[in-house]
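Next come the structures, one after another.
Below, chain A partners chain B and then partners chain C, in two separate complexes.
Up next is the complex of A and B:
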């Protein structure tokens, strides 16, 4: 990373733990990242609170994973961060099924994919596969990501969603509650009815079945290890992109892929309408109140790109960025190319590699099927790049029927070349 | 002990390169050597054992292949399993590594192995019906079979010890 950027952020962002941020120097920073590792692992620190000044989802997820793996086994740790625009899929999800991959890169969009909608105009959007379970979410700078790492024995799936609901209610968001999917929603009932203000699973506006649907404002995903549990979520406070999010999460291949793994459950979403900075402070207070009995909560510590100097964080960061993690980690799936030359071509992909290529009803496609098999079976999707170019380089003689297949594959199975020349 | 592992590993590497050379005589000769050196665990770990990560392992009669799965306690604790990622057959693994993963109710957890060796078989039926892991985790829903290359690592517990361990937790 560029150290100057990290420093600049520190200088311009007020930090509660640092009354005089102007006095920071590079040497202090360098000490900061070793001291982060020490402070995190110190068994005396049973309650800890961190906030990231990085907007890089890969950095933030790697710091989060490091917290999960190295914090003391009986400690509880809060970590807050905000990412630049990105689409984050769950560990066991299929990016071709969950994401409109063709529009992620603003520069590549023109002419590359059949995009019949208005260009969303957010610029480049990162694609990330996280280590926790659950479904696909869109992040931007109007979202606050919160994560809590706690002992596995004290973990429940609702506990910290309830904490966030308490924090929301204290700033006047009285429609917030935890639903049966462990998400946070805002009830949309028209009439107020009596309810217990302490009940985080019901509000005065909870509608009966058939009433107005609540709006989801925060999801939940978890990563469990032997002794520890991580719960994280992205809370929609003031996203300027609500209207374009559906375009990113609507894949052109959604009706053509049969996948194992986890499929997202789509829900209507809404903004809570709170300022990110203010709410993160409120959340830190709520966390402190909840765990004050467990030990002294040290002041909130700032983390960020400079911590990539910690080898374990660097390793996790690089792993998240590999093609193998992003593409080949995808659970087994079958792509159906329907209505092609009067038949359906079925392509089975496992471990990111094309395993088989068949026609559905044994229709004779002549040499074509065999040519496609020879060109594609055994290939890793992540190595294909541009489908037309790839097939053209493998199939001789080339004719327009192959072009039709290649175009269809480019539409359904594109692999955006993030950060590659 | 470490020396024995590396011998076994070196021998395995030899076989695979020998196979690639496609000389039947060399190949057979090497195979035989490997056969003799295949690791057999001590009698003490042949009965079903449990790890602190809630996996179980059980040796086949020959003491060379182990079946690995997750415990009833773990399966119950995870909630409804919706996806299971199995390792690839022939994958070489070391003790303590993650060899797969389970997803249940938005939670990802790793499947760890207390033994090193080579994956010889996986329970592919679980890929079709991951929910079966909740039904019979210590029987039909085993996860993988492993030809071992050394004694198990980490703490291993008998059924009774493991039950006490989960009650303490």
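Up next is the complex of A and C:
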């Protein structure tokens, strides 16, 4: 096979990297700015490839969105990034329903997970709402995120998942395949049976009915605009936190919230067992080979926090960090506080604001309901902070019954303050 | 205007990036009263239309509205985002196809919007300036009499849009109307009239008599005499030009009467072809044809293609190239080069190591034969990609000389146009060429003598009979046939 020109170029030209952006002079920074923005928007660059050295999920998602909106309409762009530990929910999801918000902050965790025999050791975990659809995932340094932006007319959900499976198979991960939901799974069957090696949708290890379920190693999400399509996905290569992920993604309120958004489909996950940097390289090669016919791939460029000086990226970054985006984008939902003084209190939340507070049956709760209404209706959840403190400041005279309500609310609707600058 | 509207309406309704499922029932266009005589400046349309939520693929029938970017009463321009919707894993931005004013939103945020049902009502208030009218209507000034002519044209364009959605989404207004435009103003303008002189109607009696005899209006004749007097020559000239003007329409009305001969030098491609094929005159061609059963090959192909989308699907051609390459390993004589130059008087054969197969491609400028190099080392998928690349280059006229020279054998897929048995002409210094006809479904007999359908394609091999005897050519052809009829046998030999 004749080596593709793009691949040779990749291997022979040293990859530029800026490990310490803080020490660069202004002129260098300006050059970094102009070269990324220019290169991205240049219509001659039909195939492009970027890697982020930033571990900040907000920076990476903003750069990704910038790529979606700025790259030329007929171009295909690969972007690879890894994040520090964080939980990322889909565009239209409900964080209270999907995430165990109470343990996100390390300080809170000591008390809440006393039963856990293993030390958490993760530190603070960020919470991020991304711009694409799909479910909730946990990111850490053992997880490689890849995103491909291509023309909408050429987009299919399987196309790039298959590309990644090909790259995996080339490094010996024979069990990888694309499943019906366009995710990448590792088949867990014990017996080998014949299978076409070129078929990325089946492997030789597919288990029979009742056999071990395949392990999900990559989940995808998409964002489609008029002319472009973004497909991004996680790849669990070597996460040290596999055993604790389920804790973060199990919300205590999952049986108490009725919501309209997209629910996550939960699957057992596993590590592929590859080195992140090495696989990153492999994926680059596979991408280059796949698009060799479309044009030369410019040498891989590094991006990161320094590109926040591009106004569009900074704007997106700021937006992702606002409380409004994080909390108030949640679609309408109802929280049910059951078995509370013999009745159920229903709290309806829309646009992140408490709309109504009702009881199922008209048990005489006396003034309590009215007091709660006055205190809470019209309040934005993101402004509440600690429920007990909040209610105490609003309701007089204080009653221990209110404390019970407040504790429930704290359990189901906590709003961790991330103190984002 | 009706014409613009129906065209706009058609595009509006058929917008879809994935031509999987069509949008639901077509809605009626409500027409407001249209002024009969438009000003040449602008013409306004008022069309209130429901904007249907187009199919977003994956068999999804409904999706959740996440946020609106517009409110009723908001002005939008083409490509402005209207809303964002989400379905399972995809969040999709819906943009407007038109300029206009949003009149009504059909859903609240968080509601489930149904695919194929209206999303918003939009009042298309595209103000068509003269420039737009010229492109869309082919002349705003002439609407009244041209409107009935344009109607069928608009309908046809609507049908075209139906058939090719993803292209329609990205293509602009068809430029077919544009070429008709430049002709009209030229005709309308005519010759610029000189202001009549002081004595424009003054003429000698002789001239007057001429004018009267010819039943002309003296004012219409340009006078070149003193102070604009009309002279005899002016009248004669006027009569002459009137005659020629009268005589030119008839030829166009009766074109069949006389066709002129046209002399033209050969285009570069034609002269290259002339030179090459003249060389080939000296080659005695041995023609060997046989039908190849494509049934099993097509089954395998369909299975492979089912999982891939359009740009990655493969045709039979890459398989044929690979089969020929494998056969050439067994019959290297077919891949040789006849060298009559090095040793004059003593022709010799150069057995070429690489299989550089030329594929004859029909391009807008004529026949081109780009070369797929080293087919013996390429996989079928790679061959397919290479064929696509070369065809694209050839079609757009961007192919370089490097890609066109030194083929060791040629394959001509004339079957893409048609044909059964063909007698392809060998391109020297090659010694063989294969012409592939069109695959046809023919009746045949199965194992037990029952009547079955089979897809047969005629392969026509031409070999240089000075070098290659009939038996060798026949055996090579049979080997290729065997590989294509039983693709598994190719696997054993595949490198």
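Definition applied: the second predicted complex is superposed on the first by the 380 of 421 C-alpha atoms of A that agree within 3 Å, B and C clash if a C-alpha of one lies under 4 Å from a C-alpha of the other, contacts with A are read in each partner's own complex, and residues count from 1 in each chain.
One rule holds for everything that comes next: contacts are C-beta pairs under 8 Å (C-beta built on N, C-alpha and C of every residue); 3 or more make two chains touch, one makes a residue touch a chain.
Just so it is clear, the model here is predicted, and its values are computed rather than measured.
The superposed arrangement places chain B and chain C in clashing positions on chain A.
Looking at the shared chain after the overlay, A:260 reaches both chain B and chain C. In the superposition on chain A, A:224 makes contact with both chain B and chain C. Looking at the shared chain after the overlay, A:154 reaches chain C, while chain B stays out of its contact range. Contacts of A:299 after superposition: neither chain B nor chain C is touched.
For chain A, the partner with contacts to more residues, out of chain B and chain C, is C.
Within the superposed three-chain model, A:201 lies in touch with chain C and out of touch with chain B [touch as defined at top]. Applying the stated contact rule after C-alpha superposition, one finds that A:331 touches each of chain B and chain C. After overlaying the two complexes on the shared chain, residue contacts for A:131 are found with chain B and with chain C alike. Residues 90-92, 131-135, 153, 157, 182, 220-226, 260-262, 331-332 of chain A touch chain B in one complex and chain C in the other.
The part of chain A that touches chain B in the complex is made up of residues 90-92, 131-135, 153, 157, 182, 220-226, 260-262, 331-332, 351. Across the interface of their complex, chain C is touched by residues 1-2, 90-92, 131-135, 152-154, 156-159, 182, 198-201, 220-227, 260-262, 293, 329, 331-332, 350 of chain A. Interface residues of chain B facing chain A in the complex, by the touch rule stated above, are 52-54, 78, 82-83, 85, 88, 101, 103-110, 112, 127, 169. Of all the residues in chain C, the ones that touch chain A in their complex are 17, 56, 58, 64, 66-67, 79, 81, 84, 86-93, 95, 109-110, 166, 169-170, 304, 307, 309, 311-312, 373-374, 377-379, 382, 385, 388-389.
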